[in-house]
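The same subunit A turns up in both complexes below, where it pairs with subunit B and then with subunit C.
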Partner chain A sequence: MNLRWYHFALWALFILVMALIPELVSKGTLRIIIFANFLAIFAISWDVLSGRTGYISFGHPFLIGIGAYTSAILTKRFDVPIEYAIPAAVLMTMVGGIIVFLPALRIKGSYFALVTLAFMELIYQLVQVVRPDLTGGTRGMSGIETLTRGAVNGYYLSASLMVVVALSMWLLMRTQLGTALSAIGMNEESVRGSGLSTTRLKLFAFLTSAFVAGLGGAFYVHYLGSIAPRALFDINFLFTIIVAALIGGASTIIGPVIGAFFLTFLLEYLRPYLPGAERYFIYGMIALVLYMYEPKGLIQLFSNAWNSLFSRRESAGNQNSDQAGKQSDAL
Partner chain B sequence: MQIIIQGLLLSGLYALIAMGFTLIFSVGRVLNLAYGAYLMIGGYVYFTFSQTLGVPKLAGLLLAAMVGCIVGLLKYRLLVKPLKGNHVAVEISTLILAVVIQAAVVFIYGDSSKILLPIIPGVVQVAGASVTYNLLAATIGSWVILIGLFWFVRKTHMGRAMQAVSMDTKGAAISGVDPDKINMVTWGISGALGATAGVFFASYTQLSPSMWVAPLIIAVAVVIVGGIGSIIGALIVAHIIGFMEVTAVALIAPELRGVFTMLLIITVLIIRPQGLFGREELQ
Partner chain C sequence: MSIRTSTILAAMASAMIASAASAEIKVGFIGSLSSDTGLSTLRGAEIAIEELNADGGVLGQQIVLVKADTAEDPTEGVKAYEYLAESEEVDFIISGSIDDVSLGWLPRMQEFQIPTLDTWTSYVGIIDMIVEDYETMKPYFMNIASDEALATLYIDFGKDVLREKMGWKSVVILQEDTAFGGAINGLVTDALAPNAGIEVVDTIVYDITTNDFAPLFSRAQDSGADFIYLISSVNSQVVSSQYVKLQVPMGMTGVNVAALGQEFWEDTGGAAGGISTLSPVPSVGFKLDPVSQAFVDTYQAKYKSRPVMPHFNGFNAYHGVKQAMAAAEEAGGFNNTSWVTAMEKQDITLKLDGETWLRYAFWGNDEIEPRTGRTYPHNARFDITEPYNEASPSMVVIQWYEDGTSAVVYPDKYKTGEFTVPSWVKK
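Take a look at the complex of A and B:
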């Protein structure tokens, strides 16, 4: 595991900040943060699968949708209590994860991305046609039982869920299992060559990702109280999840969280100037430039800034090394 | 009979849509997820010039193709070339670009969808099926373009160089072909083809800022099922998909038109990842 004292300190600080936020900000901001929390959960789920193993999933809304729809249908149509509906939804999503996993046994790279995109479009069309009495068809469902009332309670629920997901994924990724998953992303052949079953590792990554996606999706639908196919199986939604993970920093846990908060607040602060979908223009441009400039994300920018600050302080008294530093900067 | 005629017409349109995408996929080996945005740009440029400014229709079509070509070139220069060799980065950045273009269209033209007047108005009755001249023109146009493209790739020096780059970039470079130039040309042609297809596609459905997803899926389906680097394969598969959709709409349920396409993509990818007519797998 290799835990250090500052890991504990940073996590404690993170949890403290998350716990104090409702005291510091207004109700409106709190509602924005709730969405950022859910986006962070989805981005972590995407990152566990795609950021680590390099199997880029363009179908994550497929998994989230299974979780959300299962829980919504169970509670609304069959009057199942929420505490049973959510675990059932998570299980269904993991079954969905296995379905997505099957093509990954044979195909790689761009083809895998395409097949997951096809999965998403498939379920988008099926949900509207098959059993509209259950799924609500094109219009979706509303009046789904919600778990909490009021912004503060919703915030605490979403924030604790996000912190639990982030912390457990972080611990999981620090085990040898996590290292092996990242190794698949670097070179799958050599992981197989070192005697590990890549199939089993990949299955694990898919199931973990589906677990988190299903959990997030089910809680999300019980926060919103409504569900609609066009909002869920949407390229813009997929785009937001992927960009949150990438902008923050793929293959990290705190990266997707930073990315999710950055994107959600960016979108909210643009609202007064550009009320409609044209916000995505500036939002997308910022995402594109950031991604082209630093593919490793904001977290890398922060750590670069930290490093240059740190090394500059060290060499402050030393003229020569400062010049050498400048030269290497210029290079 | 009606199914056959409708199927033929739709398939011609689909073949045209898929052609620009298959070019990039075979020569550049990258997945251009912003391809659907070319169609949207083409449709909207034509709308602006022909319907709002009153430029002749053929000139509008040419202008749309030119803008598409320029967008394709810009995209290669600014996005694909700096990210050379990194497929994942290209896929993600083109996806982001597609969303940016979509937002730009909303910014300029607004959120509501617009109806494009038929390029050639009128309806003709063929064996009991009513066929609009518009769709007929689209089909004939796409056949002309397809044959031209096939001739270009097979017979001209540039086309053969494109084939060479698609087979083996290093080998082509050694034999004196400049892969960079070939890539530029391919992206330009692909953009122009996409924009042209977009004008026909928009007149078949309608103009809206989210119109790029459906043709992208069709293009992806055709290229995947057809296989890399096979124009004939793409043509055949465009017909398979076109007929499948028309049959599904006529005999089963209109809402299910896309479902069989998706199932076909998933099945083919799992059973035969190189596609039905493809030479090789994408690495």
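Take a look at the complex of A and C:
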């Protein structure tokens, strides 16, 4: 795993900052961070699959939706306790992950992306017409049991979930398994040529991604207290997830987290000044410019800034350049 | 008194005056800022607030309005409600949200217990939630008749006009693929055949981005139905204008939200003759009482952009905000229990030529509506039995004619024109 002391120090610092945030910001800001936390979870989930293996999924809301709808239906329609409904939702989403995986056995590239998009459209239609008494049909469901009340509790729950997901995925990606997944994204044929089963590796990536998506989706619906097909199986929701991962920095763990926070705060902070649709235009422009300027995302910008700061120190005689450079790349 | 003491006292007095002057009542608007319906609610609320402020405000304080756009997206609606509740800390929320958006933020309303008035959503399921859990839902009011009441009166139109006057016995439903469309489809399908004697022979559901309706109209004709029942709330102009341009040889009525706006004729390039729609009151072609006319005059003097005439929810917002503020005066603020009690008692009856024309009041919590046999707590008081003397009817049917004029064609008391089919359709 090649873990160093500064890895633990940086994660500890991250957790400490997240834990202290409720003491430092208003409840309104906490509500924004809650949405950022969930978006970060979804972006990490997308990145585990698409950022690593290169199989670009346009159907991620399909997986998130399975998790959210399963838990919502179990708790609201069948009075299943949340503690059982959420694991069941995660398992169901992993089954969905296998369904998404099947096309990946034969196709890749834009064809795979289109097939996954079709999955999202398929479930969008299904939840509206198949058993609307369970799914709530086109209007969705309201009054779903929530896990918390109040901004602070909601924050701690979402932040804990996000940190656990981010840390787990980070550790996983530092194993040989994670390295192999990234290798698939670079050259799948070479990985196969080296004797590894790319089918098993891809299946693992799809199931891991589905696990995180299902977990995030289930907790998300029990935070919102409502669910609507138009909100989940929506192209804007899909693009927000992908843009968060790309703008933050794909194939990293902290990148999607940074991207999610950046996008969520940008939109919400524009709200008082541009309450209408104009803020989406500004948001789109900033995202576009950022991505054109630095395709590797905000994480790379931060890394460059760190390195340039470090270079100045180095010229002043600091001898710890190697370590500092590694620190900036650590997450 | 030393100079220093008097200076301090003067400073304290100034601070207190400044503090009193800056105290204000905050009203939050939640809805779409890019739709005619959302803007109707917003502008209705703005005019009401201006008039209230000109009369000294509420509880001795001026009222300010804060806007939160939902972009007609349920998740954005949750964020917008949270923003109004926790960042802006509003006292009261006026909503111009569509069904699934309101359902999305309702759990937040239950959590924050902020008095909230919905002016557009008519989903009876929300009224059911009040019936089931009054304590949690009591800050919520809906001052448009619920869709169940709309459908009940619409079935009367089906029986009295479509079945008896026009002689139509079968219908094909052409439904836009939206939450609203699915719900209305269910109500119409369940009630039209047994109550009006009109059989539903086919249902065609289409995507909101559809721009070629020729195949759908062909399928509708092939169904052998006597007329088309259109349910469209998002992209009504395209289907309407193609119906006219293709001269589809069968009548078409139903729910066509775009046709509720004064711009409908221009939006369809004049291809709207014969289109009719169910409409909450008041609507285009609707005779207005003096109070509502004064509101429209103010509206049209103030706003030059679309919608040039407020939709029904603009009227609801105008009167609703005034009622909410009157309730606050009576209750001494927006304290949940006392404000709710005061709001439940609000009652404005608007008369035209001595007759009850429009009424802004709410059903009592245990009051049973005689025709449907159920309660509608916190729902706009409506009347679905002739001669509509108790309150406004839950809906009217309006029609656009081929000369660009529009009229109310049902019920008789509110009628300003006759229901007819376009000139190319055989009678």
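By definition in this document, the second predicted complex is superposed on the first by the 310 of 331 C-alpha atoms of A that agree within 3 Å, B and C clash if a C-alpha of one lies under 4 Å from a C-alpha of the other, contacts with A are read in each partner's own complex, and residues count from 1 in each chain.
Everything below uses one rule, namely that a residue touches a chain if its C-beta (ideal position, glycine included) is under 8 Å from a C-beta of that chain, and two chains touch if they have at least 3 such contacts.
What you are looking at is a predicted structure, and each value in this text was computed from that prediction instead of being measured.
J.: When the two structures are superposed on subunit A, do subunit B and subunit C clash or fit side by side?
T.: When both complexes are placed onto subunit A, subunit B and subunit C end up clashing with one another.
J.: Looking at the overlay, what does A:Gly255 touch: subunit B (first), subunit C (second), both, or neither?
T.: neither
J.: Would you sort A:Gln128 into first (subunit B), second (subunit C), both or neither based on which partner it touches?
T.: both
J.: Which of the two partners, first being subunit B and second being subunit C, lies in contact with A:Ser226: first, second, both, or neither?
T.: In the superposed model, A:Ser226 contacts subunit C only, not subunit B.
J.: For A:Asn236, decide between first (touching subunit B), second (touching subunit C), both and neither.
T.: both
J.: Quick one: is A:Lys27 in contact with subunit B, with subunit C, with both, or with neither? Answer first, second, both or neither.
T.: In the superposed model, A:Lys27 contacts subunit C only, not subunit B.
J.: A:Ala118 contacts which: subunit B (first), subunit C (second), both, neither?
T.: First partner only.
J.: Tell me which stretch of subunit C runs into subunit B once the two are superposed: 5-13, 203-211, 257-265 or 275-283.
T.: 203-211
J.: Starting from the residues of subunit A touching subunit B, keep only those that also touch subunit C in the other complex, and list them.
T.: In the superposed arrangement, which is not itself an observed complex, subunit A uses residues 128, 236, 276-277, 280 for both subunit B and subunit C.
J.: Residue numbers of subunit A touching subunit B in their complex, please.
T.: Going by the criterion above, the answer is residues 54, 56, 58, 102-103, 106-107, 109-111, 113-115, 117-119, 121-122, 125-126, 128-129, 235-236, 239, 242-243, 246, 274, 276-281, 283-285, 287-288, 291-292, 295.
J.: Could you pull out which subunit B residues touch subunit A in their complex?
T.: Counting only subunit B, the residues touching subunit A are 30-31, 79, 82-83, 87-89, 91-93, 95-100, 102-104, 106-107, 111, 209, 213, 217, 220-221, 224, 253, 255-256, 258-259, 262-263, 265-266, 269-270, 273, 281-283.
J.: If you look only at subunit C, which of its residues touch subunit A in the complex?
T.: 33-34, 67-69, 71, 73-75, 78-79, 82-83, 86-88, 99-100, 103-108, 110-111, 123, 125, 129, 177-183
J.: Considering the complex alone, what residue numbers of subunit A touch subunit C?
T.: Subunit A reaches subunit C through residues 26-32, 35, 128, 132, 137-144, 146, 149-151, 224-226, 228, 230-231, 234, 236-237, 268, 271, 275-277, 280.
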